[in-house]
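Labels run A, B and C following the written order; every chain starts at residue 1.
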Amino acid sequence: MAIDQATVRKIASLARIAISDADAAAMEGELNGILGWVEQLGEVDVTGVEPMTAVIPNKLRLRDDVIDADPLTGGNRRDDILANAPAAQHGFFGVPKVIE
Amino acid sequence: MTELTNLTVAQIRDGHRAGDFSAVEVAEAFNANVAGAKALNAFIVETPEHAIAAAKQADADRAAGTLKPLSGVPIGMKDLFATNGVQTTAASHMLEGFVPRYESTVSQKLWDAGCGMLGKLNLDQFAMGSSNETSYFGNVISPWKRKDGGNAALAPGGSSGGSSSAIAARLCPAATGTDTGGSIRQPAAFTGISGIKPTYGRCSRWGIVAFASSLDQAGPMARDVRDCAIMLENMAGFDPKDATSLDMAVPNWEAALSSDLKGKTVGIPKEYRLEGIDPEIDAMWDAGIAMLKDAGAAVVEISLPHTKYALPTYYIIAPAEASSNLARYDGVRYGLRDLPEGAGLQDMYAATRADGFGPEVKRRIMIGTYVLSAGFYDAYYTQAQKVRTLIARDFEAAFGSCDVILAPTAPSAAFGLGEKMADPLAMYLNDVFAVPASLAGLPAMSVPAALNREGLPLGLQIIGKAFDEQGVLNAGLAIEERAGFTARAEKWW
Amino acid sequence: MSDYRIKGETGEWEVVIGLEVHAQVTSNAKLFSGAATAFGAEPNTQVSLVDAAMPGMLPVPNRECIRQAVRTGMAIEAQINKWSRFDRKNYFYADLPQGYQISQLYHPLVGEGSLTIAADEKAGIPSDKVIGIERIHVEQDAGKLMHDQHPTMSYVDLNRSGVALMEIVSRPDMRSPAEAGAYVRKLRSILRYVGSCDGNMEEGSMRADVNVSVRKPGDEFGTRTETKNVNSVRFVMAVIEGEAKRQVELIESGGTVVQETRLYDPDRNETRSMRSKEDAHDYRYFPDPDLLPLELEDAFLDECRASLPELPDAKRARYLSEGISAYNADVLTAEVEAARWFDALLEAGAKPVAAANWVTSELFGALNRMGRDISDSPVSPAQAAELLGLVADGTISGTIAKQVFEKMLETGDGAAAIVDREGLKQTSDTGAIEAEIAKVLAANADKVEQYKGGKEALFGFFVGQTMKAMQGKANPQVVNELLKKALG
């Protein structure tokens, strides 16, 4: 099904990507081209076929409940967490004020 | 003595071990090549000091008798791998200036094996692209030129185009790549080098900037099959930090290399014979079949009936996963923040992401967002995952009658920069032969097989059973020995 | 059936309530990372690279969180799904670093179960009622935003980001604030028995999303609103009351209820629409490709089941069967710490009925006065059993037992030691008692006359006087017998 510019803008809003009217117009054509092409999948008979869950047979492993066992996946590294922050203050990340 | 930068990984390793040269000499030689190849734009960041430090350590280790598997070998690191203290960008404006305080598992393994880093290699932005034209840091140029008297700049393939270009131009003997839908194999084919994508789960994804989690897989790119085996041995391995990592021992692939294919059967998928394809591709494929027969293999025709649906399946699943994986780039914790005067949080997100992502990345996020959105999820995403099951079953059935599959890597030789940028679909078609193995998580490699009439390299692809990297490497070696591909790009940069 | 009704201008309205309780799973580390979960740490110190959603970071599930959710499911006799999956719920917010929450939509870990709320006439719950539980799924908590620290910025603390939650989703089976309150209390009690959640609502370990709709009795369900993050039983009840009234007034004045998310303001005791979350309704759920399906093995499930303690309903039934009053059984089983303490007391040899009476009156009274919890009672179950044993075997009377208990609290000494030291042993020495009885009767000859004239109530007076003369140490039964004999 073809999408219109209003849909393009709605998707852009869901994806949090600001989009100009010109870009929305250009993207309308591109997205319709791609979506029209992938829609050929609809012709495949998938009766009784399960969606792929694991591409290679493998079991989900569970981790032991241990704090900071590996520094790469543990806490207590605030400096590293905040090192690249655009606005870090008093140990927090700063964002424009949110009104809930 | 041959020029150090012409040596393979195995030759550097062995020569250094034998005392033929010092690791520092090797590092300096490659550093010089890197510094002299700005025109290729293969690197986003150069790290000569890292390469030198590792080389000094390698020389000291040799003196102390504590050599490591890759002591003295400098490599290039695709800029999708997080490197502690070295800018990691995924070739995006979004992550420009981002300096991780952690090291990806794969890069850490390589440093632990004694490698040094020559620099961070350019790529398609967030690994999305097949020509390296989506990088925020500019196109990577292939060292190859057509023999038509013209001077058109050619694509090195993508997304691992910095890796392929740098290896082909002798800026590094080997490099890391990542392959989501052909990003190792297609650039290898375009530049006359080798590259292998192992079984999904062989290499840890921890610390690699994610594109599409169920498809992303790291692998090596190098000049020959042996180097790929050596590199892969030092990149693969179980990682408890990645829930999809395979808990299996890493085989000694290099030691078990053998081009004797007696008793092996090679499958030739009839659906890969595309109508209207460049006859030179088919001719190269037929030559490859002959080479494998010559190596002792039996050849059978096989059928992979859902092949034509692989690309559309891929272009639903990969963007869907990407749209979610890239949601973390929001200007809050790291990377670009674009905060227009008086903007609120949600405006900041929209402005940051509009500014920080390039057009192809946005296009894929938009597609992914759409196919996951309410009312469309089952029609697109669930349907695609079902077709993916069928594609995987095709391979399973085919491997009932063969050990490896031989096919072209790409439907054409390298194209000129700009030739396909206007038409996303034409660009996507580049990966038509590469994507099915990605969807099925299977090991697959590209080896250079021939030059076309324009003097550009063409690659053959070997797809193997899950976990059978050895079978893939061995078939690759059989082709490599028979193809006798020695051509290299003439230096113009 | 509850007869709770909202009286509107057009007649009576019934309230329909469903609760989604978010309970923090008790674990050392987070659901998908090794960072700690302890409450009250410095901002962003309990945050791993994974929790901050740094590029390339991956989740690996914590076994203990899965185990606790499974045990909780078993405690509500729910279906445990041996095959479940994690899904991503995609939305943008500053407290959500990944841009998605890892949760379980399509295949939750725990399916259909239920719990029973006890009859409570005073609260308008005439009989025991079974409340259906649709599912329990495991998910990540978000971080925390602080709005009052800076004039133009909100601050983000990710310490909570990635902490494991169980979302326990009830059926819309409740019909009054009291039923909802009882449900939350019962659920909290079960969670604390199981040990899967500390139930601490002040620290946010348990909070409820309250779904409320109204209808005329017998009609179809009305449109519901969801009030988010309500963090006490009292508030849950207040939200239902207020929201039901608001909806009735809205409908009766010609409006319609909009399906929306609302926020409760405890200071003003009212809910208001949360417009900031309005546009985020398309969550684009899909299976998390970083994680494989979660498949549970029988050995794992067996351990979960074997490690479950006796639960409140079973414990209450056992107490009743041992002759303990319904009231005492309720009081003793409501909190797991009290029940454990009481069981230890029984274990130490105390007789159930006497022990229940003593714990609910004497011990709870004393703890109340001291402002202490039973978990730090100055008297241990073994010490209490010793005291109760002295009463049971007639060594001391109940009255003396109270004195001894006071001394135990003061000194920490054992009951027998105190009785010995202070000479409090009760006597059955008939000679001594008869001597005192003779003195009492002689000194109260008038009352003896009245008693003999038919005023039998005076018997208690003689008992009291005799006990007093014996300094409380006479065996009351012996005193009774001898008095009866003496008074003919």
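Going forward, a contact is a pair of C-beta atoms (placed from the backbone, for glycine too) under 8 Å apart; a residue touches a chain by one contact, two chains touch by 3 or more.
These figures come from a predicted structure and were not determined experimentally.
Taken as a contact graph, with one node per protein chain and an edge wherever two chains touch, the assembly is complete, since every chain touches every other chain. Central chain by Cα centroid: A, whose mean Cα position is closest to the mean of all protein Cα atoms. A straight line joining the Cα centres of subunit A and subunit C is 40 Å long. Subunit B and subunit C, compared by their mean Cα positions, are separated by 57 Å.
In this assembly, the C-alpha centroid of subunit A lies 23 Å from the C-alpha centroid of subunit B.
For subunit B, residues that reach two or more other chains under the stated contact definition are 98, 100-102, 206, 214, 240-241, 243-244, 323, 327, 330, 332-334, 345-346, 349, 369, 373.
Among all residues of subunit C, those that touch two or more other chains are 49, 52, 54, 60-61, 92, 94, 154, 156, 282, 284, 291-292.
Of all residues in subunit A, those touching 2 or more other chains are 13-14, 16, 54, 58, 60-61, 63, 70, 72-73, 77, 80-81, 87, 93, 95-98, listed in ascending order. Against subunit A, in their complex, subunit B makes its touches with residues 97-102, 199-201, 206, 214-215, 240-241, 243-244, 246-247, 306, 309, 312-313, 315-316, 323, 327, 330-337, 339, 343-351, 353-354, 357, 362-363, 365-367, 369-371, 373, 379-380, 382-390, 392, 424-425, 439-441, 466. Within the complex, the subunit C residues that touch subunit B are 49, 52-61, 88, 90, 92-94, 97-100, 154, 156, 281-282, 284-286, 289-292.
Of all residues in subunit A, only 3, 7-8, 11-19, 27, 30-31, 33-35, 37-42, 44, 46, 49-52, 54-58, 60-61, 63, 70, 72-73, 77, 79-81, 83-87, 93, 95-98 touch subunit B in the complex they form. Listing the residues of subunit C that touch subunit A in their complex gives 27-29, 33-36, 42-52, 54, 60-66, 85, 92, 94, 145-147, 149-158, 263, 274, 276, 279, 282, 284, 287, 291-295.
Those residues of subunit B that touch subunit C in the complex are listed here as 81-82, 88, 90, 95, 98, 100-102, 104, 205-210, 212-214, 240-244, 320-321, 323-324, 326-328, 330, 332-334, 345-346, 349, 369, 372-374, 377, 381.
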